[in-house]
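One chain, chain A, appears in both complexes that follow, with chain B as partner in the first and chain C in the second.
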Partner chain A sequence: MRKWIQCLTAFAILFAAPTLTMAQEREGPLRIEITEGVIEPLPYAIPDMVAETAQSEDLARQISRVIAADLSGTGLFREIPRNAHIARVTNFSSPVQFADWKAINAQALITGGVSVDGSGRLVVRFRLHDVFAGEDIGDGLQLVGTTDGWRRIAHKVADQVYSRLTGEDPYFDSRVVFVAETGPKNARQKQIGIMDYDGENVVYLTGSNSIVLAPRFSPSGNNLLYTSFESGFPKIYLLNIGNLSQQELRTPQGEMSFSPRFGPDGQTVVYSLTSGGNTDLYALNIANGQGQRLTAAPSIETAPSFSPDGSRIVFESDRSGSPQLYIMSSKGGDAQRISFGQGRYGTPVWSPRGDLIAFTKQSKGRFHIGVMRTDGSEERLLTASFLDEGPTWSPNGRVIMFTRETQGAGGRAALHSVDITGRNLRQVPTNTGASDPSWSPLLQ
Partner chain B sequence: MKVLLRATFVIAGIALSACTSAERFNNDGTGGAGTGTASGIAGGAQDPTSPLFFQQSIGDRVLFEVDQSTLTPDSQFVLNGQADWLNSNPEYTAILEGHADEQGTREYNLALGARRANAVLGHLVSKGVSADRMRVISYGKERPLEICSDETCYSKNRRAVTVLSAAPSS
Partner chain C sequence: MNAGQIISGTAHVGLLAAAIFGGAFKAEPLPFEVTEVTAISSEEFALLVAPDQEPDALANIDTPEPQEAGQTPDVPVSVEETPPETAQPEVNEATQPAPLPEVEELGPPPQAEVSDEAPVLQPPEEDFAVLLPETSPQPAPQAAPRVAPQPIAQPEPDVRIDDVDQKASEPDEQAEQSEPETEETAQEEASDRIVTEAEKLEAAAPERSVRPKTRPTRAAEAPETQTAQESQTDDDSVQAALQQALGANDGPADSKPSGPPLTAGEKDGLRVAVQRCWNVGSLSSDALATTVIVSVSMAEDGKPVTSTIKLLDSSGGSGSSVKQAFDAARRAIIRCGSKGFDLPIEKYAAWREIEMTFNPERMRIK
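Moving on, here comes the complex of A and B:
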């Protein structure tokens, strides 16, 4: 895996298309403004990429389909079905017949060529076209990797298209760690899995002999923190995703440690420690082993999450009598309550952009995923169900993934995602039950 | 990716062979708590020194109100009986399990379960049971006893269970 990633960065090169330098005639580039909310998805076409070598036909078709799934999956773009296409693209280098794409009202067109070179490497080239302006959007791009890694290349192409059309940072080339769940509700078996953001390429990182909870990515995406009952009692473990080496976090004495989260430096960990039945927040530097107690209250303090600059922590506490959200300095000290709506608030997570806090809210017997500004204003509930909890942010802060569990004896947990506008609620496909997602940073 | 898969099998193998005594307690207490005795412990329900008597006649669990860890008078009565039994049978140790219903987040429920288990611990210690013989654990909402999604089940899931073991506390 790692070897392939190196290949990708080493060989991802821009090739400037000579036709790209023409002056633009429209007022601005083709752009979909999602901050203002999109009602009509932007129609686009993606004919199967051209297979330029004999072995690349299947890959060309599959890569095109994954790109389309990524783009249409955002709810911001609508693919024009391939059976409506008039033009056929048989040569990646030939001029695009814009009139044929205009006729079916494709605003954006993605063309590409796929080949497998002499040393077995997969080479994907693509261009993004503004059909009505009759010009390209950005440079053509070539990506090189292994044929096994074709999905990642497809996600990278889709990321380019998404960024060029929305002006937003991308997020498709990312992964999610989660808890895979099997078995009945009163004897559920749990193990930690990792998969692509779209539910593909699942690999299990732990066995299912012990209860495991809430894995959390490090900022590099190379390590996880999670809680496991494998010693018989809940403890936090640090897991290296590359070699699967694992170590228990050295925390002060207590009944249990749980709810860990990395700081942006990748070394500071905040977590909950329970001692004498009382749960407080602690910090630990995993590089030098130095620890610090952050709260000392008889109430429950848990679910801490750092601000992106590392200066503050948002967390959940029932010091007021019911669980609410608070923000304090990452060194501890006074905390300011930020949640004031009706209901109970938990699992706050700071957006990677820094502007919003996602949370779980319980009100009138229903659960919601919501967002609010860091001062608690502009609270918006994005979802509602019997049990929604545990939000995690996409690397670009546009999408939230969370756990939704269905009601009753046959209740089952599944991952869902929703745009921060509250639109485009979707289930993330998984073979087993799934809970506690944590979204990685964009892969390198 | 192949390397990763192979390594996963190794880890799984290690986990299989690393079964601690604490995990045995868990199985007794969470799978079908109240339905059997810990393995290797003799004695029928009529024998007042038996764990079965402890479970069935004294009662091995107490229940809690929503979000609460306060012991009701009924609960205190049960725990007084547990304390008497533990004081008369010093060869036993106990794991005190705290549980929550499924209303509430995973983290909060873990912390709440710990509060409940500690409320039991505090009461048993106040009745003369040595704290060294007991250890608390919270399962939060991870191991419900009843699996429906209404108050009839929730009220039984908001519990603290005293799980006995004859094994020496090492």
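Moving on, here comes the complex of A and C:
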């Protein structure tokens, strides 16, 4: 009898289950989970900004083009060609016809107005619109500057758009210092140049009568450290970008001092010093001249780079037999190895965000630019070529610029940039060969 | 012995006698072939196997005509052979055996600086089973046999790639004014993966094999002896389930949507339709770590009511990253729902209100 009851109960549950499910389905709204999406540039439209005065017609068009170049150059956005636009923006204050922009699948729209006021100042106003939501993203903004500085204003507008759409910190209004290279490979002439991040407005800071290497920005962006062979041996120099005054750093007696880099306080400098055939890391306070030896190993320690908080240093050492990456306290002491992959690692640079370390890797006859976590995990190679080296981070830690040199006697060095996801690898246009880039902080 | 047995025995004996003595077991001799042979002597056999006779040496050869008188025959003149001058190789001092190198006693190798602290190794991944040597040569793929003697041209795409989705215009004969013909265009298919330059050059073959997943752990078997209390608990739970299934605990019916639920396939269709427009390519790293739950009300034609799209909840992010994640989700719903999602109207009550969870965990770095 008990078995019969159990069987009946089982049948009852069996037939009740769909009913139970249906009842549960009826409770509340339909729920679905989306875990897969697409990775593609976000389409946006930027019609030429409205020229509100007669003198601003060319500027309005040029500013619009620079903004579009900045945004599309990230690889995160795709400009919808202007000949596909349905609506025309003739007045900055007119309401936007969102339906017209939605029809061409513009997900973001940038409108603006440009004028030159009575005192000759350039005034740029812009708004960013979410087309599908039919509303503005953030408030409208007005920027005022000189007409000569129109490119900086354009970069500022692009920075605002970039930040509002991605949530990332901006980086367009920044500069890059690099080594300009001219002449054949066996007789290269090198001088330090500085330019906008996009390769425009190049200015040379040093002559070409001596070899210069590895310029590095100070945290404020006002000073440079670089290595020069002016005295016959590599020595470190401090250069003021504003007045171009330079002075040699007073380092301990040694054969060579090189590979300098500023600490986040702008006062501390770490560098490599070779003495008696041994290369170690040293620190120097450029304000009071006090120095400190950080390593004392028979191996070669070089390429130091501070963490953003200044507490740690990542550097390159061959103490294990091949060049690998190590992290130690900025006061010196024991170092912890973080790279364990096959190949040779070098030129580590700590991300401004503090979460990643960029490096150069040589493996199987090819060079790579890669990133890894600060504990050495999640190594990811972003590039591969005959010679890639010398990474530098954009101010927001989203993009890496580096040197790529082509093979052969006619090989030429050029600057390239790549997103930390590995997308959007592209060459930075320069008039000469270019190497050893160092990205400035965001301009103030 | 009865008569039947007698008759049967007699018949069997008669049958055997007829078979034995009647010739049933007589066999005819097997047929065989006879070949006639001829005996030959050893001389005759030698003549038979001897090679063919050589041809006549004088046959078909022209006899040369004799030379005329006074004509000297051409006799090859012997040339006095002179030995070739062979230059004696100069003695190269370098070929002399090298002097013995100076031998210095090598000191003991310098002690390598070894840190006492062992590096902290990361625990291996679960599927980290067998590492094939990276240096193994990658065999070059063999060229596929060409079937057709001439390669055919690549077929034209169905639609032209453009920034705008647009359908081809169809002529309307009843229209007074003919509209300009428009070509069908579509946006380029998006990718959901990032392949870096370094990854493109990697070998196609996998460098590690995936360890098969472990079997699911068996649930602990229930003890064989059940107490009366446990049996009572089971009965209670069965009763509770039945009551819930029969709707005993349901509240007012009019507060909930009615109608049949969506099937799993219909749900999947909606999910795929939305994720096709969920573009995370421009999101920041923080926004890619943010999960948002968005609610939306749907019209009967399958289009989302834009004004009802609301952020219900979020996790993993803060401030601006939540806003970025929500904006991307909202754009996905509006864009792909602009022409209406393919949902069954008879089940409208089931999808009138939808909650979508956008979880970008798998989209962070691909």
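In this text, the second predicted complex is superposed on the first by the 406 of 444 C-alpha atoms of A that agree within 3 Å, B and C clash if a C-alpha of one lies under 4 Å from a C-alpha of the other, contacts with A are read in each partner's own complex, and residues count from 1 in each chain.
Everything below uses one rule, namely that contacts are C-beta pairs under 8 Å (C-beta built on N, C-alpha and C of every residue); 3 or more make two chains touch, one makes a residue touch a chain.
As the structure is a computational prediction, the values presented were derived from the model and not from experiment.
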Let me test your reading of the model: by the given contact rule, A:Gln107 touches which partner, first (chain B), second (chain C), both or neither? second
With both complexes superposed on chain A, which partner does A:Phe340 reach: first (chain B), second (chain C), both or neither? second
First, second, both or neither for A:Phe229, with chain B first and chain C second: first
Regarding the shared-chain residue A:Thr421, is it in contact with chain B (first), chain C (second), both, or neither? second
Looking at the overlay, what does A:Val203 touch: chain B (first), chain C (second), both, or neither? first
Which partner does A:Gly390 contact after superposing on A: first (chain B), second (chain C), both, neither? first
Touching A:Gln290 in the superposition: chain B (first), chain C (second), both, neither? neither
Provide the residue numbers of chain A that touch chain B in the complex, in ascending order. 1, 148, 184-188, 201, 203-207, 209-211, 213-214, 229-234, 242-244, 246, 255-256, 258-259, 272, 274, 276-279, 300, 302-303, 316, 318, 322-323, 344, 346-347, 360, 362, 386-387, 389-390, 405, 407-409, 411, 436
Taking the complex as given, what residues does chain A use to touch chain C? 9, 12-13, 16-17, 19-23, 25-43, 76-77, 80-81, 84, 102-105, 107, 130, 132-134, 137, 165-168, 297-299, 319, 334-337, 340, 342, 364, 366, 368, 370, 377, 380-385, 418, 421-423, 425
Within the complex, chain A is touched by chain C residues 110, 112-113, 115, 117, 119, 122, 134, 162-165, 187, 190-201, 238, 241-242, 244-247, 250, 256-258, 260-262, 267, 270-271, 274-287, 295, 306, 320-321, 323-324, 327, 329-332, 334-335, 338, 350-363, 365-366
Going by the contact rule set out above, which residues of chain B touch chain A in the complex? 1, 3-5, 7-8, 10-12, 15-16, 18-23, 25-26, 30-31, 67, 69, 102-108, 110-112, 114-115, 117-119, 121-122, 135-139, 142-149
